[in-house]
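Structure provided below as structure tokens; questions to follow.
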Amino acid sequence: MKFETTTKSRFLDVRHQTEQICKSLKPEDVSIQPAEFVSPPKWHLAHTTWFFEQFILSEFQQNYNVFNDDFAYYFNSYYNNVGERVLRAERGLMTRPSLQEVLDYRTYVNEKLSEFIAKGITEEVSDIIEIGLQHEQQHQELLIYDIKYIFGNQPSFPVLDYNIDWQAEKEVQKFIRIPEGIYEIGHQGDDFCFDNELSRHKVYLHDYEISNRLVTNSEYIAFIEAGGYEDFNLWHAEGWDFIQDNDIKAPLYWHKADGKWMQYTLNGFVEVVGDLPVSHISFFEAFAFAQWKGMRLPTEFEWEVASNQFNYGQLWEWTNSAYLPYPNYTKVDGALGEYNGKFMVNQMVLRGASVATAIGHSRSTYRNFFHANLRWHFCGIRLAK
Amino acid sequence: MKFETTTKSRFLDVRHQTEQICKSLKPEDVSIQPAEFVSPPKWHLAHTTWFFEQFILSEFQQNYNVFNDDFAYYFNSYYNNVGERVLRAERGLMTRPSLQEVLDYRTYVNEKLSEFIAKGITEEVSDIIEIGLQHEQQHQELLIYDIKYIFGNQPSFPVLDYNIDWQAEKEVQKFIRIPEGIYEIGHQGDDFCFDNELSRHKVYLHDYEISNRLVTNSEYIAFIEAGGYEDFNLWHAEGWDFIQDNDIKAPLYWHKADGKWMQYTLNGFVEVVGDLPVSHISFFEAFAFAQWKGMRLPTEFEWEVASNQFNYGQLWEWTNSAYLPYPNYTKVDGALGEYNGKFMVNQMVLRGASVATAIGHSRSTYRNFFHANLRWHFCGIRLAK
Amino acid sequence: MKFETTTKSRFLDVRHQTEQICKSLKPEDVSIQPAEFVSPPKWHLAHTTWFFEQFILSEFQQNYNVFNDDFAYYFNSYYNNVGERVLRAERGLMTRPSLQEVLDYRTYVNEKLSEFIAKGITEEVSDIIEIGLQHEQQHQELLIYDIKYIFGNQPSFPVLDYNIDWQAEKEVQKFIRIPEGIYEIGHQGDDFCFDNELSRHKVYLHDYEISNRLVTNSEYIAFIEAGGYEDFNLWHAEGWDFIQDNDIKAPLYWHKADGKWMQYTLNGFVEVVGDLPVSHISFFEAFAFAQWKGMRLPTEFEWEVASNQFNYGQLWEWTNSAYLPYPNYTKVDGALGEYNGKFMVNQMVLRGASVATAIGHSRSTYRNFFHANLRWHFCGIRLAK
Amino acid sequence: MKFETTTKSRFLDVRHQTEQICKSLKPEDVSIQPAEFVSPPKWHLAHTTWFFEQFILSEFQQNYNVFNDDFAYYFNSYYNNVGERVLRAERGLMTRPSLQEVLDYRTYVNEKLSEFIAKGITEEVSDIIEIGLQHEQQHQELLIYDIKYIFGNQPSFPVLDYNIDWQAEKEVQKFIRIPEGIYEIGHQGDDFCFDNELSRHKVYLHDYEISNRLVTNSEYIAFIEAGGYEDFNLWHAEGWDFIQDNDIKAPLYWHKADGKWMQYTLNGFVEVVGDLPVSHISFFEAFAFAQWKGMRLPTEFEWEVASNQFNYGQLWEWTNSAYLPYPNYTKVDGALGEYNGKFMVNQMVLRGASVATAIGHSRSTYRNFFHANLRWHFCGIRLAK
């Protein structure tokens, strides 16, 4: 039994951060779902709250009164084990509850959980709270992606009042050489990690080289201008179909205006800056770019082994690894076990972190994953050979 | 040149009425588009305003400053002659401008138009203002349909604070007999009418009989319980496919709960009242019901000729007439000519009016029209034989 | 009781004609279904045969042995009253039974029905045989449409060995004037007609004029070259969407090659002949062409009343009438009642006949009907004003 | 320069085998395409022939006259480098050329290539001929899948006159234990292999166990009867959606009739035999089955390392490995380089071979691959833990 001031303070900090991201949103912005892979911001605000209510307060707090009986149905995401839920594709139909009601829900759960923590919690509860906070940090990042997508589809291109810093990829490109041999992969130690980072295990890597920095916008413009989007030899067959069917000729949010490449950013509609890292490209585009360079994307294992020799954290980095279980992977029983394992097919791994990642929510063994055609997340390219 | 106090007062009354309909909506409710045939309430509020700005102020008011240069693009509906516009299916992406900005837009245009009218207007301008008001009244009715659809798809079934009165269809059913002969159809006189009500012309009708009242919920429940939705002999081939493909077994908004028929109404989720007229049925269902009764739907001509012998106005009434031009129909030149003529294919005529129709926006020659599969509008069934 | 040599001889003649149409098809040609509105030729050959087996031999011939128990399931078209059937969209999956088996089926039923007729048949049976023959003649025409569609989608553009004669529309265009008044519409007399041509009834027509000939290819090319496909003011809203979504810029089977308009015909790939009537245009295109000419399409009533004053029969003529029941229309009980009535929504009427119509299968009261977007049938344009 | 009697004899043997597979097909069977992943048998017959014409005769034989100038367009599959082609989804529209013409094409190319070989060929040409033969053997297997799919969708369930032998999986199930360590993976030696089997490289494997035999129909029926298709905890999220959306409750070709599991096989419609290996299941189903057993699928590396300790060859075996390049994989330049590399995303690897695999076209390093939702190929399940 621990009396957790640090847990409580960390809990409130993370919760507060979510609201900070949304502080300049209007109520009109929070209920729409412009694409199936996007969730309305209001839904994120409520869903992350529901997680604590469902898995902590309703489970462990005696005589807890849920804020609203219907919210479990509205704001469950995909936990089949926890019952019926609003279908993902229909999240954008829910205009009610209002933003204010959802913020009240957050306040209510924050207070109840703070009281609950103050009375002392077990290790088990502490661990689930930590999962809830990690979960909320993941949704903070998704919130930023989704707000950008909602705003980027407004004809008026609004600005989000939230600070995001980009750094130029200024270093001269060098390739770090890693010698052939057995390496250890996966999380080690007692700190938090997701089940998909386990078990720590050995892999055999052959000699390879990996870039010290990300591909820049200038380099990507060179690819566009060299006809990269027109040369099928550079593309996977599915990638070629994808860019044809969707008429894709540049990263998401890019528009050519008066001969210049412009892009929507959360600071508005601005000219593309050459030495920032290129973002909002699908795995297919990352792969084609690497082909065009005569190189390739690293595997997630190559990335992890070399990761202490380069800087990362501006953009999630597409790897050429499919998202699959590690040796001796076991998923947790019950609802929390639905977190990772059931997505281990048809997705590609991304490594690193991005400017939209919560502080502290990052480590070299972290395995992010998305479908090869998605582009709305903050993702970039690191070359290998 | 007329100095039009009545025009100005009528203008402000109609405009005010639109805002009354929306007064209990939250900002969260106004931007979503749950189906392609629905428009977001905010869009209706802005589009009806744009109409006056585009066709009156920008045309006739010297040195008029448009409220916002981009609004013409955002809020044009389908007037190809007036330039590019946001696609119908993408209206639900626009979270900005906010509801408040749109209300400010309404205020601005109301003031400018009031000043403009006060200075005296020509007959031509007066006529276009009248079209704008008729147009806005049509959108008032669509607003009610669309709000009902948005609310009816909320898991929480909200209530709209707007008074809608329904009357029981209490009269004993009688059939009014109309003798064979030549009749005149279409609008007559100098009052406002739409181009599709002209020219007034002769038709030859054979003997027929038409009901003095609408079909009630009780009668429709009898049809459901007799297996009407399972007997293909009652249905058009396309109607049969429609109910199969969409798994339709009752009117829109109806749900069977604990053995009782319940329905969502703008007053909330309530039990179906037997002697109210049945609504929210497609043309296909209206037709099948009539077949089951051994009768038929009237043509729009039969309806118009007999309309002075029965009450109407609770629900638009599906006729068995396709929406086609009258003899010598001519559409107006330019953008306003896009109002009616281009929809004269693949739609069915409805006659009458509904409880959602603006007061005064109704006459026996009025031709409403919808696709045979639509059900979200306020529509009912009158039998003929 | 009649001993019907003429029935038998007519029966065999019509049946023989179906096989003549197919005589140059290879087995490879007869099983595919390149679009949902097309049926494989083999299916037509079998379905028309099934009609006689189902409605005559199985009903009226004692101890009749069906050729194959499964054929009723394979070759029923849409008669819900007669039981389960292969779905329309899946007709193209049936490679078995083979063409030869289907031809054997035809021979078997021809022999059995000939024997049956020879023994003397009642009026009722004679009437159903006549319906079967009319039905087969309709399928002969559909066969020609479908073969043309199958061949027109071959990269090798094959030729059908079947004689089809086209006449130039050589007459100087004149407009026949018809005075206002009451006219009678619909079939009269004891000859065969379909239920949709009844009852004969009165209509009131206003003054109108109708062209003595069809629109020619040259006239249609002028419309194309004047930008008719780019001017939305000429089109129904649905028509405009249809040509945009399907990238339609000319009639079906037309291709521009080396600056010349070429077209696939059943005689191969040839240059478009200017003074032949234009064909393979949707209702939308026919309407837009008429708008461009400042005229309109006739109603089916106008067409019928004037039809004794012009030549027709090269192409079915789109009218501006929706397909709806005549006053006092009643459909036959049972399966044969599914013939017409259930299609009376969302289709347009065509009048006349075409070069693909069986000889004798034509009269001025005949009501053909297709969806406004279809183009694979033999259809043309006659102007009115 | 070799004078290759063995090449010629092998060439004619392989070519003959393709025709043997098709010998009981009727012309009606060879042109349809019941699903996009199926190709018409006629297309396989021609495409494999085109390969030799395109890459050997047109390249290396002086003054070679192609059989038909259009065939390159008709029968190219996906080699973008070789020019325009009929789209995959439209292969089923081509009723011409007829089966006989395609067989004539085969004879022509066989003769020309035999003459060409007889004159002596270089190593380079010999290698391309070998690729063509391997390619044709792959199409032999696809032919069997596609014929089964075409026949399995006939209401008459035809029999293919082609001998396919199945063996009961009779051995008692045992698990072979493989110790942790470094293993070598990939093809070794001078024999033919595909580029995706290279380069031979090291992997590190942890301790694992792998079954000595495949999962049987009886075992799979136990999974069905235990509710395996209703328990989402067993499934990938995409797998769960896949079986829901397509209403899948058993392997492809299985039907429950009178309480018994029946299946379509190339020998007709028969009862499922309990101790034959289960086939026609998607990767999703294979995975769910393994989950239900508390085990897993092997990786392709685990499979390869253990493959000399069990029998395989009845069914391709789904592994839990995504199809990705080996270290130092390089694709060939030009059209032949389009063979494998461009499919290395979103597909799963299968190892082994099947009863439909050509004799000799099998080795332990062979990497087959299909999308996780496909079921029409001959595939089974081997468990690991």
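For the reader, a short list of remarks on this structure follows.
Chains: A, B, C and D, in written order; residue numbering restarts at 1 for each.
One rule holds in what follows: a residue touches a chain if its C-beta (ideal position, glycine included) is under 8 Å from a C-beta of that chain, and two chains touch if they have at least 3 such contacts.
Everything numeric in this text was worked out from a predicted model, so none of it was measured.
Between the contact lists of chain B and chain C, the overlap is empty. A straight line joining the Cα centres of chain B and chain D is 58 Å long. In this assembly, the C-alpha centroid of chain C lies 45 Å from the C-alpha centroid of chain D. We define each chain's centre as the mean of its Cα atoms; on that basis chain A and chain D are separated by 37 Å. Those residues of chain C in touch with two or more other chains do not exist in this structure.
Contacting chain pairs in the structure are A-B, A-D, B-C, C-D. Considering their complex, residues 78, 80-81, 182, 201-204, 206, 208, 232-233, 235-240, 283-284, 287, 296, 320-322, 324-325, 327-328, 337-338, 342-346, 348, 372 of chain A touch chain D.
Chain A contributes residues 26-32, 34, 42, 70, 73-74, 86, 90, 92-99, 150, 153-156, 158 to its touches with chain B in the complex.
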